[in-house]
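Each in structure tokens, the structures are laid out below.
The two complexes that follow have subunit A in common; it is paired with subunit B in the first and with subunit C in the second.
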Partner chain A sequence: MADYNVLEHDHVPEHHLVEKKDEGRILKQYSVGKDQLPKIRKSDPCIKILEEILGADIEEGRLVRIVRTHSVSGVSVAYRVIVRG
Partner chain B sequence: MARKDTVNALIRRGVSAKVSEAIANAGFKIGDLKKAPFELLLRYLSEPDAQDLLDKIGAKKKHMDMKPKTKTKAAPKEKDEKKLKVRRTDLVIPKKVKDLNPQEKKIAEILGKKKVSLPRSIIEELAQYQDHLNLKIKDLEKVIDMVLEQYELHKIDPNESIGIVSAQSIGEPGTQMTMRTFHYAGVAEISTTLGLPRLIEIVDARRIPSTPMMTVYLKSKEKRADSDYARMVASSIEETILPDIAGVRTDLDGMKLVIEPDMKKLDSKDISIDSIIFALKKDRRLKAVVEREGNTITIKPEVPQFRKLHQMYEIIRECRVKGIEGIKKAVIRKQGDEYVVFTEGSNLAKMLENDYVDSTRTKTNSIMEISQVLGIEAARKSIVDEAEHTLSEQGLAVDKRHIMLVADMMSNDGDVKAIGRHGISGRKSSVLARAAFEITSTHLLKAGIIGEVDSLDGVAENIIVGQPVTVGTGAVNLIYSPELMKKKKRD
Partner chain C sequence: MIRRGVNKRIHGIKFAHLSPEEIRRMSAVKIITADTYDDDGFPIEMGLMDMHMGVIEPGLRCKTCGQKVDECPGHFGHIELAMPVIHVGFVKDIKRLLQSTCRGCSKVLLTSSQIEEEENLRKMLEELGGDLTEFEKLMKDTAKTAMRTVCPHCNAEQLKISLDKPSTFREEGHKLTPKEVRERLEKIPDESLIPMGLNPEVSRPEWMVLTALPVPPVTVRPSITLDSGDRSEDDLTHKLVDVLRINQRLRENRDSGAPQLIVEDLWELLQYHITTYFDNQTSGIPPARHRSGRPLKTLVQRLKGKEGRFRSNLSGKRVNFSARTVISPDPMLSINEVGIPWFAARELTIPIRVTNFNLNVVKDIIMRGPEPVTEHGEYLAGVNYVIREDGRRIKVTDKNAETVAENIDIGHVVERQMTDGDIVLFNRQPSLHRMSMMAHKIRVMKGKTFRFNLCVCPPYNADFDGDEMNLHVIQSPEAIAEARILMLVQENILSPRFGGPVIGGIHDYITGSFMLTHTNPLYTQDETALILSHIGRVDWPEAAKTVDGMRFWYGKDLFSMCLPEGLNLSYKSSICQKCDTCKKDDCEFDSYVVIRNGKLLKGTIDEKALGAFKGIILDKIARDFGSNEARLFLEMAIKMAVSAIMIHGFSTSIDDEDIPLDAKMQIQDMLLDATNNVRGYVNAFNDGTLEAMPGRGLDETLEIEAMRELGQARDRAGQIASKYLGLENSAVVMARSGARGSMLNLSQMAGCIGQQAVRGGRLSRGYQGRTLPHFQKGDLGAEAKGFVKSCYKSGLTPTEYFFHSMGGREGLVDTAVRTSRSGYMQRRLINALEDLKVMQDGSVRNTSGTIIQFNFGDDGIDPSRGINGKAADIDDILFQLLGDRDDIDLSGKLNLVSYGAIERDMDTADDVDEVETETEE
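Then we have the complex of A and B:
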């Protein structure tokens, strides 16, 4: 699977790593703590690809912005926090 | 000893004794050989010999071209380049979210001025009407104001108990579902579980669905409409094991196995005898000498023992000659103006690596597999898609948002969890809520032993103790502070 980029698949929405300085603003916007956000595993194929794209290790606790497209609202943005596993 | 093993293993694969000795003397092992750079082999062998060797041990040609990955300084640089390349093609993300067109931009600007937002689909719809009507900015603003008003009215209230609403909205149509239905995907050969059993399967997050199925799209744009090409691809991914195409006879006198291929079947599946020999030699478990004799293949164990012969027979019975592991059947069907391959059995990881297959559209109905290969977000999407397809196939209209809530709950933890005792309901933080669901006494006993504390945050536990539940108006607390009011009045 080394050459294959999972982000290219139709079923996979856009994943973006959130800059550390933006994290506070986002958490405040939803008025939640990091532990209340949905989670994504560090071993998730999408995180692995992101690591490859950025060329750096992504540590646990960072946020990932997920931009989904679907028929109800067109575009929706969700956040997931990276957890161990 | 290790050297001798290597020599034997190479000879078994049909490499000449001289070459094998040379390789083994150079300190290679079979595993190393497959990874070894081609140039390194050339130091010990002549070029045709090295080529022949790689062919025989089944190393891919592709590997040889990009082989110069020895421990030189060039290696990390190559890695960097790869990363940059990936970045350029993927992070610019052209396909998934469309940019706003001029009309939509105008509406978005007006919304921006008012410091409010509307979902993209509503903006798109508005822009479509605006295209026909061409309203003045002033009128458009009025329209948008009204849209905003309606949008606010239709939004669900904070603290509404959406879980119950969803449960009822999916549950009621569920009662109308037929108990057991099968659906035939175009051709009568492949059937998939649908109806209530399938819905239960999705919600239970089974590791393997009862009827795994893949929809494989073809990569080549020009040949998508060519039925012969599609048939060729289908037969190339269909798993063919040796007993399908050949008879295996045990020759006890000669202490060997004789494989007698059925030439008609070979022709129809486009398999040559050489490719069977290749597949047999590639099988690592088979420690034997494989030889061709006319149209039959004989296999002799290294040590003449009946036990070995029997073991070999068992291995050969499972030997895969062609295709992808787990794909039991593949049929083609025309969908729109292209041919699509439907398969019984599923192997997403291998299928996406296949050169004929469109790796951006090919999908499977096995949600666990998607979660492993494509990640949790893709799994979430496929839960929604599969559940919606199952319901709509029965003519039941359930709002997508209810299904999305279920999918969100199932994928909340980073991997797919079932709804029920082993999944979400069994992992609630409150003891009373868990006890109210299933296996009451076990939960209460365990909680008693370890001294669990219940903070009474949820619905079930508050009903048990007879308090107002924390949904709707019960979720907010109003506190009147006379001191504060006096102060405000004074100001």
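Then we have the complex of A and C:
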């Protein structure tokens, strides 16, 4: 149990677990396989917090949607695949 | 026929181990003698130079493929080793394999569930995309779990295996010979190899212990014949001779039943020679040396490092169709052009395919011969070679020109010499950004240097104190078209780094345009004619004034001639005094520039208008009117500036730094006050009455106060001096207009040089308790700690001179350190980013299709086209819609003047570029 929810920090972007049924659509949108997406470790504090919120283990291979807000570039969306570690 | 496009695509590369059988199978000859040549200089059969391995002497034919030198690629031979030898490259893998397999049943020391787990992890890595380091990590982790004391399959007890570097294995102190190691590896079953990261179909572990050694073809290790007729062998051949000799002795001793000790010694010697044959820098053993004492360059040394095959011959090749020479300036060339010497133009060629349409033209060109000139002795392009369809090259000479021309036919390729207008790439090292290599159009000129317009100096960071530059001739029509569209100088006026111009006027171009426009001088008809003739215009503007029948023209009206119609702009120029409230149109210093519909109404044209990195007018024209219009403006403006500076005359000398005596006295008094103030602080410090600043110690407070006081003193000296240095002074004109130098430079020349610093503080080191023996120990006053009261004009005292040199030395050391460090950082960055590109959907991916960024820069905006990071310039749109209406207040935040934002941006860009370092060639 972490003392602090890192997702609440201003400098940490939003992390959302992508529903399994949406994964295919996202991969098709960029015409990539999961091996061509950026990665995030399962041990990442953000993933741990997500697991806590969902109250369930998040398996490797699931996708996370990361929504960033920046003063210059505005809102942007990125995806990462969860890997071991 | 040359086939265009991709014929074959590499899908993947697989690395595996060479098996002894394969080594024998690919071998053209078995090498048994260590001798190379016989007495006649002929290669000995089954020797190291056997002609089955290819030939290096012209006239001889390869005994394997029957081809001659350069046709035969060479063939491998092999040496049968008397005893097995460990391959140094694989010791780590051998150790891992020995440690994680059972010494009894040879199976991997993992339970079936552990094997399954490893398999799952490996599959997951493949599925989700893991890089090499991750696979290596997995392998290491598996090896760690497989280190156990008891075998899970046969319950055999395991002994600890250690590696005695570089290649001796021990089992609890007992030495394992390579033969024993090989036997153990042989026994490992195929299915045990998979969890350890080996593919048994292509790699058996026992192949890591050599029983046969491949001998590279002679073409890989050619011997060279010296002038004296002696032959000198390649380092690899020398090493192979050693291997063969020891191998022979080992076999003889073993077969004749020599004592075990002798055999073992020879075996170890063979191991040494084969180890150094692979890598002569293996730690733990002395490198093999040449007779002269030079360490031999063996296989690993050939590949590794900056001078190795990869970095020197594959990533950085020497190329044909290129030239290098000294550069010099030519203000009459277009910024798109480069002047090249005749000599280079004759040597460099472009291939022209002969078609139905150009047959007659090509015939005419060939007919001219290889060195044609016009009737006036001017350069004409000729042809050096004709390549027939069968691939034969025919050299064109004066004698055969006509016959070659007659025999020319469709489908032939003609190598035509350079001619005016051809596109080439021009480059100056270090190539730090993409503007370090731009496409230019050629102008063939007399002389031996490359010449180009001075406006292109800033992107190349070039000057003419002996700089050399490289030039590459583009060969294919596709590449030429691509270079013309993407790389031409005019297309690179706007930098992708900060969205402003990197190409622009420098030095006298700035001074000249300042003189042409500042306070709007009048020019006589003769002078106006001169200026207009420089830009080749005959459409005279209206005369501004007529006095006694003499007509006069305003400088601003003349400058307006090079502005495109429809240009509207207002901004503060470089000479702006930065008043508290800007009077804008009514600026008394003529520093607020107003351009309406392509007419310069008010203000001075200086660095802010057309300078590199800052030129606002140049930036605006490049954005709104296109790169060609920007080029035309720049070329016209600088030519006008040159004619204006010639009319006015411009020079600077040491008396530009003269100030009246009472000004000097005033500075002296002020400096005396300042040093006295510092003395006051020092006294207070010594008395203990100095009050410490919050968070600082007493000594720190003293230093800060002294630095502040003396810094202010220098500024005040500058202010006093500049009161007497007005715009009638050439040096001031250069500093204020931004052409060269700064007001600080001037105040140091006329007023006071100021405090010298090392590591950001006052000078303090040297002797015990003092900087120089000229001062009392413990003196903390201004003079004793590096304050230079004098100015450059009056000269420095000996102590001041020494202090000044200390500060100067630090600057030099800093630049030396900075360049090498930033060079290495740049190299690593480039290597990491070189294969990234922006795809059609705006995402950034590498060559394997992995996404690096989902949308370029997260907003998909090209920084060289965006305005202050945004896609559109709202201020400018408002201006276009509402015009010059100051009365409309848009929430007080929006500024109707365009480029308010850009100006801010430029100032930051400025800070970076201001760090100019003057290095002599």
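General observations
One rule holds for everything that comes next: the second predicted complex is superposed on the first by the 84 of 85 C-alpha atoms of A that agree within 3 Å, B and C clash if a C-alpha of one lies under 4 Å from a C-alpha of the other, contacts with A are read in each partner's own complex, and residues count from 1 in each chain.
One rule holds in what follows: a residue touches a chain if its C-beta (ideal position, glycine included) is under 8 Å from a C-beta of that chain, and two chains touch if they have at least 3 such contacts.
Just so it is clear, the structure is predicted and the values come from calculations on it, not from any experiment.
By the document's definition of touching, of the two partners only subunit B reaches A:Val12; subunit C does not. In the superposition on chain A, A:Val32 makes contact with subunit C only, not with subunit B.
Touched residues of subunit A, counted separately for subunit B and subunit C, are more numerous for B. Of the two partner chains placed around the shared chain by superposition, subunit B is the only one that A:Cys46 touches, whereas subunit C remains out of contact. Contacts of A:Leu63 after superposition: neither subunit B nor subunit C is touched.
When the two structures are aligned on the shared chain, A:Gly74 is found in touch with subunit B and with subunit C. By the touch criterion stated above, A:Val83 is placed in contact with subunit B and with subunit C alike.
Judged by the document's definition of touching, subunit A residues 38-39, 68, 70, 72-74, 76, 83 lie at the interface with subunit B and also at the interface with subunit C. On the side of subunit A, the complex with subunit B involves touching residues 1, 4-15, 38-41, 44-47, 49, 52-55, 66-76, 80, 83, 85. In the complex of the two chains, the subunit A residues touching subunit C come out as 30, 32-39, 60-61, 68, 70, 72-74, 76-79, 81, 83-84. Considering their complex, residues 121, 124-130, 841, 843, 845, 848-855, 857-859, 861, 869 of subunit C touch subunit A.
Residue ranges of subunit B in contact with subunit A, taken from their complex: 80, 83, 86-87, 89-91, 93, 96-97, 119-124, 349, 352-353, 359-361, 363, 370, 372-378, 381-382, 384, 400-401, 404, 408, 411-415.
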